[in-house]
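We call the chains A, B, C and D, going by the order they appear; numbering starts again at 1 in every chain.
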Amino acid sequence: MDELKPKQVKGLVKSLKVRNALVRECMAEFLGTFVLLLFGCSAAAQVKTSRETKGQFLSVNMAFSVGVMSAMYLTKGITGAHLNPAVTLSFCVLGDVPWRRLVPYSLSQLLGAYLASGLVYLVYYDAIMDFSGGVLTVYGPNETASIFATYPSEYLSLGRSFLDQIVGTAMLMLCILSLGETRNTPAPPELIPPIVAVIVLGISMSMSANCGAAINPARDLGPRLFTLTAGWGTEVFTCYNYWFWVPLVAPMIGGVLGSAMYVVFIECHLPDPEPPKDLAMPSTTTEDSKQPATVKENGVELKMVHF
Amino acid sequence: MDELKPKQVKGLVKSLKVRNALVRECMAEFLGTFVLLLFGCSAAAQVKTSRETKGQFLSVNMAFSVGVMSAMYLTKGITGAHLNPAVTLSFCVLGDVPWRRLVPYSLSQLLGAYLASGLVYLVYYDAIMDFSGGVLTVYGPNETASIFATYPSEYLSLGRSFLDQIVGTAMLMLCILSLGETRNTPAPPELIPPIVAVIVLGISMSMSANCGAAINPARDLGPRLFTLTAGWGTEVFTCYNYWFWVPLVAPMIGGVLGSAMYVVFIECHLPDPEPPKDLAMPSTTTEDSKQPATVKENGVELKMVHF
Amino acid sequence: MDELKPKQVKGLVKSLKVRNALVRECMAEFLGTFVLLLFGCSAAAQVKTSRETKGQFLSVNMAFSVGVMSAMYLTKGITGAHLNPAVTLSFCVLGDVPWRRLVPYSLSQLLGAYLASGLVYLVYYDAIMDFSGGVLTVYGPNETASIFATYPSEYLSLGRSFLDQIVGTAMLMLCILSLGETRNTPAPPELIPPIVAVIVLGISMSMSANCGAAINPARDLGPRLFTLTAGWGTEVFTCYNYWFWVPLVAPMIGGVLGSAMYVVFIECHLPDPEPPKDLAMPSTTTEDSKQPATVKENGVELKMVHF
Amino acid sequence: MDELKPKQVKGLVKSLKVRNALVRECMAEFLGTFVLLLFGCSAAAQVKTSRETKGQFLSVNMAFSVGVMSAMYLTKGITGAHLNPAVTLSFCVLGDVPWRRLVPYSLSQLLGAYLASGLVYLVYYDAIMDFSGGVLTVYGPNETASIFATYPSEYLSLGRSFLDQIVGTAMLMLCILSLGETRNTPAPPELIPPIVAVIVLGISMSMSANCGAAINPARDLGPRLFTLTAGWGTEVFTCYNYWFWVPLVAPMIGGVLGSAMYVVFIECHLPDPEPPKDLAMPSTTTEDSKQPATVKENGVELKMVHF
């Protein structure tokens, strides 16, 4: 029977294969963002509801980073592990991901973030009720909304928070774009997930005092939508003068700015990737230094940078 | 004499070799789980008995992770380093480990956890007596039972704790199964131990507020049995309405669910590992992408995934 | 249009290429030091203005280390990622970097540190105003100058602080010089950035109690100049009896001393890198064990150690 | 002149080469232990004299680990980076290092630890005087002796502390011996320093509550001798009923026990390293799986395990 079982399992596995590449990729982005938020928001719930006796601010930062690493190992070979609409947009602008991927990826990321928030709520329901006295609120010492979405500090002006999110996301793109560049100092391709996780840890240790370092529209909107539907009320959107749009818009701008900064300061000065030995060679080879995965879909070649 | 000594040592070493593969593997699982618990429970004893002056909650999480890494380097080449009956069961269901390994491995893991608890008790006996005033108890500010086994928070309902253990163990399997997959983004095989350790750290930073993140029946039952025999009394089993069965049963379910989630969302969509060049090739090669170690035992090939 | 976009991007990128190697390298050193300070000073601002509720002393140390790692991945293939005039000077003394690089690199590093401080001030302006009550000062419980530059502890004598900076910088050079040596125990070239980051973390955890572990004239003078221009007044230079010159001068001496210590204790005893098979071989090959990048500039070969 | 400088430097470097292999190795062990203690004791001084405002117990543990990593990169290719007489003794018993290395290595390690303590005292002199009010003592809230050597907790009995040091050192040897074994799960040779550092971190997070986790006679005796000579008086040896001999003797026993445990549970069951193709082959090749460096010294082959 031992010899039979694996075959049965394998047959079952094969029958589940999804033929459409876009659907497979969206499933990966969904799962990756789900894992990212499951680690991160669970840690936020643990620290908040234990009143910092079972972890501190730093452990929430670290858990988000472990989520980044785990999600990247799960999905980087399939989509490049964006996990963030701002990252997807940046790669579209850079010409590494087709524009028609932007909306499906982003929606998958949003759905993953939403459902992960729901699971965190289910797992920590008793703890949240015990901590908050049963009142789900956005303000005050017993607020629990910040377990899920991000909220600004009291002192923060709108423009400042917008700048904060632009700078944080620009740091992300600027730092990760260099990791796959063989003409500079590449990171080992198999260790890019933990290295990106460390970069994200650095950003959340240095850029989260103002407004929580979302730097990711899906990571912020998904949980916010969940809290809206789970009983925190419309305040999650209306509070701080409808502040919720900042972590949606600013990261998109910041990601593109950071990518541009990388191109202007570093990439455009690197030596040409390969001398043109043969002018008849296909143009797609000029980006070999980034080792893009080339996926055939409907006869069109897609390039995905596995940053 | 220098020239002689090594030969004598080598002769002695060879004479100790155990011929039966199953016994060798069980010794490895025993030792690995022993090391895991020795790191983890010692750190729990250190933090508890020093009243958090020589470490914090986070350092207990970190010590368990160092234990995972160390135990994996000791045993991964021999058994795949399960260290956890829920992991062994998951690999059995996936068809990567023969079912007849399940019980012997689990008992070895349990024995390792039990004896490690005993050694931690010996080393920290004075500290535990000083901290607790000599009264070994499960409840109250001077309780010391939680150094060894896990216990639920006061607020936690039974169903919630069951869900918590399912989700935590599912996260573990979901995340580690991707690490060895060469068709996706594999981790470097020689660095899988620290990467798994980081994943376990992430789970214990985000999923231990409710009931201690055992996610491992051997890690929980071994120390609980030890405390039963060492003077904490039957309360270690009867407390919280006989809660002890939850970290025994729920991780087994969670591990399988997490593995299934991995297969459904990721594995079944990956490209076929190799085109069938020759139909006469043995079927075992279809899983080459996971680089299983193939061990001959009694003429039967065993496959062990070195995740 | 998808097919057109990448070409347009690539054309734009090529047109930005700077032809002069020195300018390109200075841009890299500028950007790297900018990134280093952006991570580090932002974390200092986060911890200070949140009154340690959103991070601790340790997280500032860690953020500086993430900055080191990120900056090194951005620039190590271009300049060797000095990010520090004391490091550049040490490499000049060792003969690995031409002396004419010293001043341009140092000025680029200084400019990067200055501008990063400005951006941190912009991002944390509201927080700094809220924390300090609007009074930018160097002394007292609400001082905010230490977010940017380093200042000595009250108890510290001048000579002691000078020794402190010498020892800290010597540790840095002593430890990083061994990482690229293939005749000893080299670190993987692609993982030198995180390993150097860990060394810097170690120094800041063990050598920052006295006077903040600047060990880098650019990292200290850049932010100090910024605070001078941004409203903290001349006290940032005059305080503690014009102490500011210590982290400018002592690291230069310490870096060279640490390098000399490495050469005397380790490097000079290593086996010759290659047996002289052919006496006619060019002398530049005698340093192959450090795998220097050789860059042609104006017909002169430059060697840059990518430590 | 740029072209001249490197040649001058190289000539100077060559002239410093020590011809005797044992002296070179002792210099490496000296320097390595010096670096280890410089990181560790400086961090202890930083945390103690800042009254935990500039670091915590965990950061001392982490700094010692960074010291281990840095010292190993400096010396592993030369001696195997023992840095600890208990490690040297264990390798002697295992037949991997000649017995005549034991005393010279141990004395070099002791000297390195002594001098590093002196430098830490010099750097932190003002801080220690400020903290202690100028009274250097072993007892009480203002004691500073524990910055250097280890001391037992009040509650600890002699036998318990002896067991503690045996178990801690046994964990060290048990865990590091597996890292170089290619027949099991080897760690990447170039990353063994950080992995050993993580193991040491785990031990100091879990085994330092009782008596400070010296697990290294040189690390403990060197600083203790320094404090004796620097003004703490004979109490550093006489206190706790002459306890100082425990961290000298117990680690030597523990290291050997841990090594034996590794051999019995793991090594002796691994497959033979190579089939005897040719009976005339020299016996030294049977240990190739550990990739020992073979150094010719006075016509005698030394084997050094680069664990």
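Everything that follows uses one rule, which is that contacts are C-beta pairs under 8 Å (C-beta built on N, C-alpha and C of every residue); 3 or more make two chains touch, one makes a residue touch a chain.
Since this is a predicted model, take the numbers as computed values, not measurements.
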For chain A and chain C, chains touching each: none
Cα superposition angle of chain C on its copy chain D, in degrees to the nearest 5: 90
Chain D against chain B, contact positions shared by both copies (same if over half, else different): different
Distance between the centres, which are taken as Cα means, of chain B and chain A, whole angstrom: 29
Between chain D and chain A, distance of the C-alpha-averaged centres to the nearest whole Å: 41
Junction residues of chain B, two or more chains touched: 56, 58, 188, 191
Pairwise chain contacts under the document criterion: A-B, A-C, B-D, C-D
Touching residues (chain side chain B, partner chain D) in the complex: 1-2, 5-7, 9-10, 13-14, 16-18, 24, 27-28, 30-31, 35, 38-40, 42-43, 45-46, 49-50, 53-56, 58-59, 62-63, 66-67, 69-70, 72-78, 81, 119, 122-127, 129-130, 188, 190-191, 193-194, 306
Chain A-facing residues of chain B, complex: 56-58, 61, 93-96, 98-100, 153, 155-157, 160, 163-164, 167, 171, 174-175, 178-179, 181, 183-188, 191, 195, 198-199, 201-203, 205-210, 261-270, 283, 286
